[in-house]
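Below are two complexes that have chain A in common, paired first with chain B and then with chain C.
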Partner chain A sequence: MKDEGISEFVIEARNLTKVFRDFWGRPTVKAVNNVTLDVRRGEIFGLLGPNGSGKSTTIKMILGLLHPTSGHLAVLGQSPRSVSVKSRIGFMPEESYLYKYLTAEEILNFYANLYGLSGQHKTERVDALIGQVGLTHARHRRVGEFSKGMARRVGLAQALLNDPDLILLDEPTSGLDPIACREVKDLLLALARQGKTILICSHHLSDMQDICNRVAILLQGEVCASGSVQDLLTTPDTLKLTLQAPSQTTLNTILDMLERETGIRPQVDHTGRTLESVFIETVSQRRSDSTHKSSCSPEKSV
Partner chain B sequence: MRVCFRQFFSLTGLAVTELFRQPAFLLVILSSTACTILVPLAISHQLGQQGHLALDSSLAFEFMFGIVLAGYAACATLHNECRSGTILIVFSKPVSRLMFFLAKYMAVSILLAFFVFCSGVASLLAERLTPRNFEFDALGLRLLLAVPLVAFIPAAVLNYFTRRSFVFYALLGFVLALIGMVIALGMVNGEGARVAFGSQIDWRILPACALEGIALLILSAIALSLASRLPTPTTIAVLAVVLFAGLISDHLITLLPQSGTVRFGLQMLLPDIQAFWPADRLASGGILSLSVMAHATAYAAAYTSGVLCIGYASFRNRQF
Partner chain C sequence: MNRSRKEREEKRTGFPPKAEQTNLCELRDFCKSALTRTTALAGLTLRDAIRSRLLVSLSTILVIGLVGLPLLISGDNTLNGRLQVILNYTLSFTLAMLSIVTLWAACGGVSSEIQDRRLYLVLTKPVHRHELWLGKWLGIVALNALLLVLTGCIIGTMTWHTLRTSPESDSAKRQAREQFLLARQSVFPESPVSESQALASAEALVKSGRTPAGMTTAQVEAELVKELKRSRSTVAPEGNLRFAYNLPARATGVNDFILNYRFESSRPARTPVSAEWTITTDGGASLHVDVTNYPGVPNTLLIPCTAIRGAQTLSLVYHRLDRDNPATLFMAQNGREPELLIPSGSWVMNLSRGLLMMLFRLAFLSALGLTAGCLLSMPVAVFAAFFILVLLASAGYVESVASTGVFYIPHEGQAQTPTWLDKAVLHQFKALNFITRPIHRLDPVPLLEEGRRISWLLTAQAMLWLAGIYTAITALAGISLFNRRELG
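Now for the complex of A and B:
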């Protein structure tokens, strides 16, 4: 029974601690303190926390780039320092750490070679990912000339090259415009539906709320809260009732009835759209119009 | 195994591509060539010296620019990769640190081999263009002035119309132009009369430059081992000290007691750069025999292996 449970976990961290030391070996900062985390297969797990809370350090330990000072850490059932386990992991770091003298295509081909991809399979995979992250028009441009958002797209594409089982993303939507951000979130949701496990660090709480199944909140290297997003967000003794706006008389009747029942007059408000949805709708509409116009223009027709 | 080779050649290829596209590399090659060819012209003109001055100065410039390039390339390919964070993505892939470290050394070695080749060609030209009896080689000087134009104009045109790397094509054009110049000058003498090809060129310079190149491979191993921790200026400074100490290592060791541990340690630690300094042998009209080259190569291979082992031990436990 216990074995079944363990095999379900893609990341198992028990009492994980990381202390950074100075040149003389004296401890300078305890970046991660006694963190225990379990990430299950096929879920999107979010690590939240303010700057310096230990999110990136935790991700680096999961990747084997930093060694825990104490505690137990297993990734896909193996030590994170094992080279072989990395063929099943995709990682997108917080900053777009890319070779600025290379083009987007050259970079993806390079990383594909590191995964051992070759021939037609490599070409198809690189082409597909360049298209998926929307960089077809810029595939031959040097990454040093890219905007931050475009560089993030290359970063995301390289993380997905090996069709990984576990995807680690550090601030994946940072620097992206709202439409690109929505596309990335949709892509991550699609990957999760395919059974991929995704661990995300982010400050963008609305993004995390949109896509994460479970989250853990880190503060000063310690887990302050963790659980499913649904559980954390639900206020058990409060309900939200959404209905098509009735007449004022009907509304007053309902409110009076509820007030008699609970002793408190319910608050009534209009449901609003989010700024994100307004932005996406407006820009998509404008793009669609301009595409339509250009496709109908005489030059295009000729 | 095939995957390992593919990874190794990809890492090496990427590092070489990056290094060859960096303007600093072009600048070092240009400066080195300019100094190698032009300084002997000025010295010989003032002092009325013959070709051996050109040889001495060109070999000295090869060492000088060689350590700058070794330090710069090692740091550009390793230290900068650690600092910029690109190494985080590489190590998130199934790549072992040993392979990464060795691939970087291979890349620096390829870069230095290219530099040594350029330096060798420039040294041939320097010796050939040195004024004899205060008479300059007019044809040679005209060809020399044409080299930058032949190299850079096509590279600029390519860059403008096709956005291809200016630095890479300028380097390629520059080297091809230098080789062309050697071939052209090999067929005529100082007065412009036809002679048997190569009879006016001191070909002994090429193995001498190669011998120095082997010493530069030792220095690049030291540079790479330092580059995992130190930035470029510090690495180049340490290399300069090692080069200087290596050049006088014979003298330094004789100052110490015959059977002391310090003497033994110094003998083991300091590279014997004197073994790679060919100017004295060439000045006396000798040539570099195969046994000298083989001895130097074996020494360099052993020393470089030791240095790379220490460098890797330091790099293996590095946390990012």
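Now for the complex of A and C:
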């Protein structure tokens, strides 16, 4: 079935336009305007933009929920409305649009049925994903009782049920704590290494910077900038130098030399850690300590 | 797929058309996975009803309604009266309640899921929209089936309990069983007026020129039949009227026959009429029963099975005994001649078939609700669906207007001459009647209330028309429009 191997692009959008119309067919808003995008196999592509920039509309067109007004859109070499394409796509929406009266396991079983999985294969897949997203302890609890983060984990698990070739994620880290966020990012990087193509739509720019290979920035329905993250972030005529703090005399000598060379006195600042790294380090340390203590406690040892 | 069709498809979608499936194994797998998806969606709908406590709430309301209604409506406090209340009110209540709930659940099944976007996740999976529609429909039909089984059990238990605990005599209980707890088939008397004879007479009249100007042969024939029937139904003081019935094979057994008749009097005073029914079989057995009835009300005559055992034809003669009453009686008002109800199967099976017919009706209503829900938002869909339900409930009135052309009969004076607007609306009523007539005709409630037999043929007709043709047309319209709908 995977016959699109001849094409390098998993998503091809050419001059994609979407105009919303009112009841009488009069155009009301041009949500996407002449967008051209290419997402290559195995890359993590980020779609950035402020609210109302057309990100969600673009994703919905890729998912076949909305139909383009004009332009060409191909997903895995086929029309996005084709059902066979949908069997190779995993989608995690921004909100957890899940059936709240079902348990985590029932939801995954239901979606597995929709993907045509059955028998032992279905059971194994559901069990593996529940473990992978860390919901083994809550698999028989109803989703309505879940926190937002736990519901997001179910959302992620259902997006991976069919071992998809293309994964579309709308705000994947929204509602997750920093550790879960890190785990999700690690999972996405691992999936990309397996050859999966991932399209992420997010406001968390640091997350996008961490994991995306390429990004496109949308504004008012148009692509303002696109390219690899490396290229977009690099300022060609500026360098960042990191040193083990020297003595003040040595530092002044270096700064004087650089000022003579460039005509501008360089900025000097301490290298800071991000709050995320401090949080992860602290929580991981505390968990490791408590695990160690409990394993050494008399009750445990008995 | 030929070349030009392929090109057209490619031009329309921008993508080359899929290769046709020639491999039988692929086709089998495709059908299997489609079935898995549809049953998963049906199961989800049913589970939704169970987990959201809809099933429990509906069951409770049904139990309260079905048990409470006969307690609230006292009737005439006889065993017959109590059984009549159980059968008459509970079935109408069940059908009305389930119709409303079905429309509500079906409208909400799709439109509310679109509104809260749960359907986005489902439709981004490899699910065809017709599978989604079908799954939801099956789920709602299964929910209705469960509730109808519950209804059947409650009605059966209540009837059994009423009969068992009744303080009335055994013969009264037997009579009640004969009257209510038996499926009965209608037999009408042989028409003494032959249509071919009337046609021949009409042609002769037209040829001889003794007909009013401008009347066609068909009109003359219709008038002749009407007049002959009218004269055939008249009973003068001390006069008599004979009705002959051909009984179907194996009609006689251990159960009594019932004769339903009604007459009108030529005098406005509603004085009782004394008469004698003489029942004669082709075997020569004869039975005389004296009766006193009032005009304008339905009357019943129980014919004991012992008097008619082995009979193939039955002759009934109505002989008036009231010499002092000068009124003339009309026995076949509106063409309804005395109807002989003969035993034809068990009541339990009849009730089961009736509930099955109700299920087919609810299946059509759920299709209607789903289609409305696929196209419109929840409140608009519910409003549209209920408007259609009201139209369907008025099918009897629509049929009457379409056949008579009269919208209403004023209390005093004659109906006014129809205006152009009346004529225009009448055409719409006729068109509507064309659609609603099968639905009205296949309503099992009046049949069950009157203890009439619901044949397997009638049940099959209900399945064909309501769960088949009507549902399929509604589904095709709904699915094709839903396929075009964007979910933004």
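Observations
Heads up, the rule we're going with is that the second predicted complex is superposed on the first by the 292 of 302 C-alpha atoms of A that agree within 3 Å, B and C clash if a C-alpha of one lies under 4 Å from a C-alpha of the other, contacts with A are read in each partner's own complex, and residues count from 1 in each chain.
The rule we apply is simple: contacts are C-beta pairs under 8 Å (C-beta built on N, C-alpha and C of every residue); 3 or more make two chains touch, one makes a residue touch a chain.
Just so you know, these numbers come straight off a predicted model, no measurement behind them.
On the superposed chain A, the positions of chain B and chain C overlap enough to count as a clash. In the superposition on chain A, A:Lys196 makes contact with neither chain B nor chain C.
Of the two partner chains placed by superposition, A:Arg152 touches none, neither chain B nor chain C.
Of the two partner chains placed by the overlay, neither chain B nor chain C lies in contact with A:Lys55.
In the superposed model, A:Leu65 lies in contact with both chain B and chain C. Taking the listed stretches 9-17, 81-89, 297-305 or 333-341 of chain C in turn, the superposition on chain A shows a clash with chain B for 81-89 alone. Shared contact residues on chain A (touching chain B in one structure, chain C in the other): 60, 63-67, 83-84, 86-87, 89, 91, 93, 95, 97-99, 101-102, 106, 110-111, 113-116, 118, 158. Chain contact summary for the complex, chain A toward chain C: residues 20, 57, 60, 63-67, 72, 74, 78-79, 82-84, 86-87, 89, 91, 93, 95, 97-99, 101-102, 106, 110-111, 113-116, 118, 158.
Residues of chain A that touch chain B in their complex: 60, 63-67, 83-84, 86-87, 89-91, 93, 95, 97-99, 101-102, 106, 110-111, 113-116, 118, 155, 158, 162, 168. By the touch criterion stated above, chain C contacts chain A in their complex at residues 13-15, 18, 33, 36-37, 39-41, 43-44, 47-48, 51-52, 116-118, 120-128, 486-488.
Chain B makes touch with chain A in their complex at residues 2-3, 6-7, 9-11, 14, 17-18, 21-22, 84-96, 165, 319-320.
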